[in-house]
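In what follows, chain A forms one complex with chain B and a second complex with chain C.
Coming up: the complex of A and B.
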């Protein structure tokens, strides 16, 4: 989004962030409707296959095995036309930032063979600490990439329906469905509120004013979106929704789906076996 | 047999009473307008008639059968009722929660377990009829206001309900879209269906209704044919449906006269 005044102030940054959030949601919907490899597969195969790879990465105790699962996820992303820059922006950078904050202390706190001493601080990076941090980072990045692949290659309603096939309770699936719409409504409402606020503001806001506005807006937003999401549920009920998801396209396993399922199972089993 | 009948119906939101001791009857095949200013209780009443809200006191009957939460717990009754009665919400955005326009229109028939071949056929027909076939792969909540309203209407009328409940169908629409919306509603069912419309837009009253119930503070304060209601200036002013509009002509002379709201943007009762 191009900002008119380029101030980069609180309001502008908030609006830009919300706009980016909405754009990401739309981009995921478009990508899920695309014609890549994973998009052609049955949603159940993707849920089972990607989840089994995540489990394999979590169970593996050899770094090269987790790295191989990560490489497989990247290959699947390329074959499914999911841009790598999207994976980098949404999975890798975020995982590095958040998990990095947990992994970095492990570099110094884990006892072991000293590899490097930080000049000035006298903190020592140990080989065991480096291994522990690498495991944590690689596992999180691999799991985030595989989860994002599911989001970018499967329409949300099909994911919900696939969950029901696996006997996940109706209430849980209905709550997930409502939550996704609620998040979008929250973003849209917040976007409108902040744009309206910006249209009535001149110049940069002081720190105290920004905090007051953030607190006030959060309360109003929560109340408005709560009412809106309640109305969405009523609108669903009014058209016959009883908690069960019914779709036009029934799941039907084709040859490609069986092949993919066998492939996922073989790869996950191999990863678990090799990573013992 | 009456289509809808309420007896001493009261509905409260915490301490606010939206509908109070309401007793009304609506006949089969009639076109009724629930007319009232913001907060008069008309949107709440529509939701009660659609079995979404249940009054704390009194009763509401649909074709002689009382609408209660217990009754709607029965799948057979709920499906039968939803098949017969459709509600178009005032804020189209809340009604659009599917990934594409096609899925949105197909949502109702699929929930009511129609055969899939029939769903596809009926959805295509509805998209053509409402002039939104070119939008079928678009994300519904990203459309313009007029397009959203059409999708919302198509998503209900695809079920071909015998009873249509409409909450401010022309709110927030530009004049051309308002006119198209009224034409669609007038054409729908060739006048054989029952249509109950909540509105404060008096300009469309004679097109969409044969009978008006004027609501104020959750009660019916007047009832009659649209022409009869529109002639009663004192009633319209008392219920905030018109106000003295002061303006200046080119001659420079200022004067005031009653002013009818047309196509105002309103959010909820």
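Coming up: the complex of A and C.
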């Protein structure tokens, strides 16, 4: 008799995915508490600075400018003690695998000046195809690196509160903050549900039965979510919540923050100017 | 489905942020009005649920697995406005903290999945579910199709956004600056995966969870059920009565078919090709393109394989054409009902013994 869901089955993959999500959140919080360069900066400076670099990379129409922004992101990662293996594992490999698969056909499908003909297949790599694939890959990997830097150098709650600089309504920020906290709780609940189901199941199940099990788990989680929402609401009311949302603004700009903000602004402006 | 950074130009992203903003504004106002103090905990928790549901690996027919976004489910349980807020929040958190979807593309992803997806899912669900009872199978089917259609509309929007990039943004050498594929490549490439795997994942989770909630917590389906929907399923016989009456009326009306003259285009028989009247009719309905004087060889050969017992709805042993039509309709409808009952008996869920 074989196990319910062999290696690579949907139960394993779901559990692995949830475990990876939890592990990523813990690693990010741990790294954000470190003593690197970006960790010492005000969250608002990081949000504005890193997002403006992502935007500069998106606007650039020269490959070397995007490559320069990418190099800057790697330098910032090193100065912030975010190991390169973390960048590789959590940003680069995924981005290269996914976008690489999308970019490769563009080498042959984009019309332009022929560069190389693949022997046997008679497919022609064009100069324009190579350029467009490079644009796509470089932009994706640069943006993924900068986004990961924000995640790994700033606690979640601070990132969300820093979004207020973009005039996002306070109620949105409050919902984002609560949702991000309850994601971890629901992830853990779902993870435990699947683990317990896996540990008490023997024998092979048919596809329809496995589907019923997966959607049943989703249904249970949905019911629990509503129940939890009611409990949280009562707890909030008991603490005096009457619908008005207030956020504690504990940010304070120091000299280093102003310097960093100026640095980010200068670098982003230079990248936009050089890349136009 | 989550568009990463780098695939869309900043201008496209800005347009889609601008397109999404009014929907967020209206959604926030409407949901706040309806929920008041419950808004924050309910949307937060459901956003967290949407996030987690996107991590579920769903076993699909054919042995593969797929991820669902849960748009259909969110629209069915929360309604379109709260659903678009909850799914948007989940998308923002995915982009900011999990690297799934780009930060510059948050507006595009929210517009495609949370906004268009939720509105389409809700419309499909309400149209198909009508006033059916909350526990009815029709609601399960409606929820599944709502999810399927919504994810495909979202994918189509994303494909159009990808496909217009090479038309609008190229460098001096003509190389596309962002997504390199035109509409002719982007749309089939996106839709192929969504019409099959992703669509069925969405259908499975929407229909499956709604079926589950019908048994375990039907009150969660009341929000979007409409005023006429009752919690309990009416007695099966009574609910089916209008359908049986409609079927009976249609059977009685079948002799109307003999009022139509000629044959339907493309439904010709082999012997029709040698009939000058039919030849003339074929030419008249085919832009004066004359049909061959003899039946095509393949048609002539294959038409010998099977001879229908009720050919042309008029069995040769019945003289009245109207009665022949009626008999054929009763026989055909009876066969279909029998087949449905057999399939239902074979694959239907057995009621647990009480």
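We take it that the second predicted complex is superposed on the first by the 213 of 276 C-alpha atoms of A that agree within 3 Å, B and C clash if a C-alpha of one lies under 4 Å from a C-alpha of the other, contacts with A are read in each partner's own complex, and residues count from 1 in each chain.
Please note the rule applied: contacts are C-beta pairs under 8 Å (C-beta built on N, C-alpha and C of every residue); 3 or more make two chains touch, one makes a residue touch a chain.
Everything numeric here is computed off the predicted structure, so don't read it as measured data.
J.: Between chain B (first) and chain C (second), which, if any, makes contact with A:26: first, second, both or neither?
T.: first
J.: Can you tell me whether chain B or chain C touches more residues on chain A?
T.: So, of the two partners, C touches more residues of chain A.
J.: Once chain A of both complexes is superposed, is A:237 in touch with chain B (first), chain C (second), both, or neither?
T.: After superposing on A, A:237 lies in contact with both chain B and chain C.
J.: So in the superposed three-chain picture, is A:228 touching just chain B, just chain C, both, or none of them (first/second/both/neither)?
T.: After superposition on chain A, A:228 lies in contact with both partners, chain B and chain C.
J.: If you stack the two complexes on chain A, which partner ends up touching A:214: first (chain B), second (chain C), both, or neither?
T.: It touches chain C, and chain B stays clear.
J.: Answer with first, second, both or neither: which of chain B and chain C does A:156 touch in the superposed model?
T.: Once the two structures are laid over each other on A, A:156 reaches both partners.
J.: Tell me which partner A:144 touches in the superposition: chain B (first), chain C (second), both or neither.
T.: So A:144 only meets chain C here.
J.: If you lay the two complexes on top of each other, which residues of chain A touch chain B in one and chain C in the other?
T.: Overlap of chain B and chain C footprints on chain A: residues 156, 185, 228, 232, 236-237, 241-242.
J.: If you look only at chain A, which of its residues touch chain B in the complex?
T.: Those residues of chain A that touch chain B are 26, 29, 32-33, 155-157, 181, 184-185, 188, 228, 231-232, 234-242, 246-248, 250.
J.: How about chain C: which of its residues touch chain A in the complex?
T.: 4-7, 9-10, 13, 24, 28, 32, 36-49, 51-53, 55-61, 63, 65, 73, 77, 85, 89-90, 92-93, 95-99, 102-104, 171, 173-181, 185, 204-205, 207-209, 211-213, 216-217, 220
J.: Which residues, counting only chain A, touch chain C once they are in their complex?
T.: 10-11, 13-14, 17-18, 21, 24-25, 28, 51, 54-55, 57-59, 61, 90-91, 94-95, 98-99, 103, 106, 109-112, 127-129, 131-133, 135-136, 138-140, 142-144, 147-148, 150-151, 156, 159, 169, 171-172, 174-176, 178-180, 182-183, 185-187, 190, 207, 210-212, 214-223, 225-226, 228-230, 232-233, 236-237, 241-243, 245
J.: Help me check something: in the complex, which residues belonging to chain B touch chain A?
T.: Interface residues on chain B, with respect to chain A: 47, 50, 52, 75, 78-79, 82-83, 86-87, 89, 91, 93-95, 97-100, 103, 106-108, 110-113, 116, 119-120, 137, 139, 141-142, 155-156, 159.
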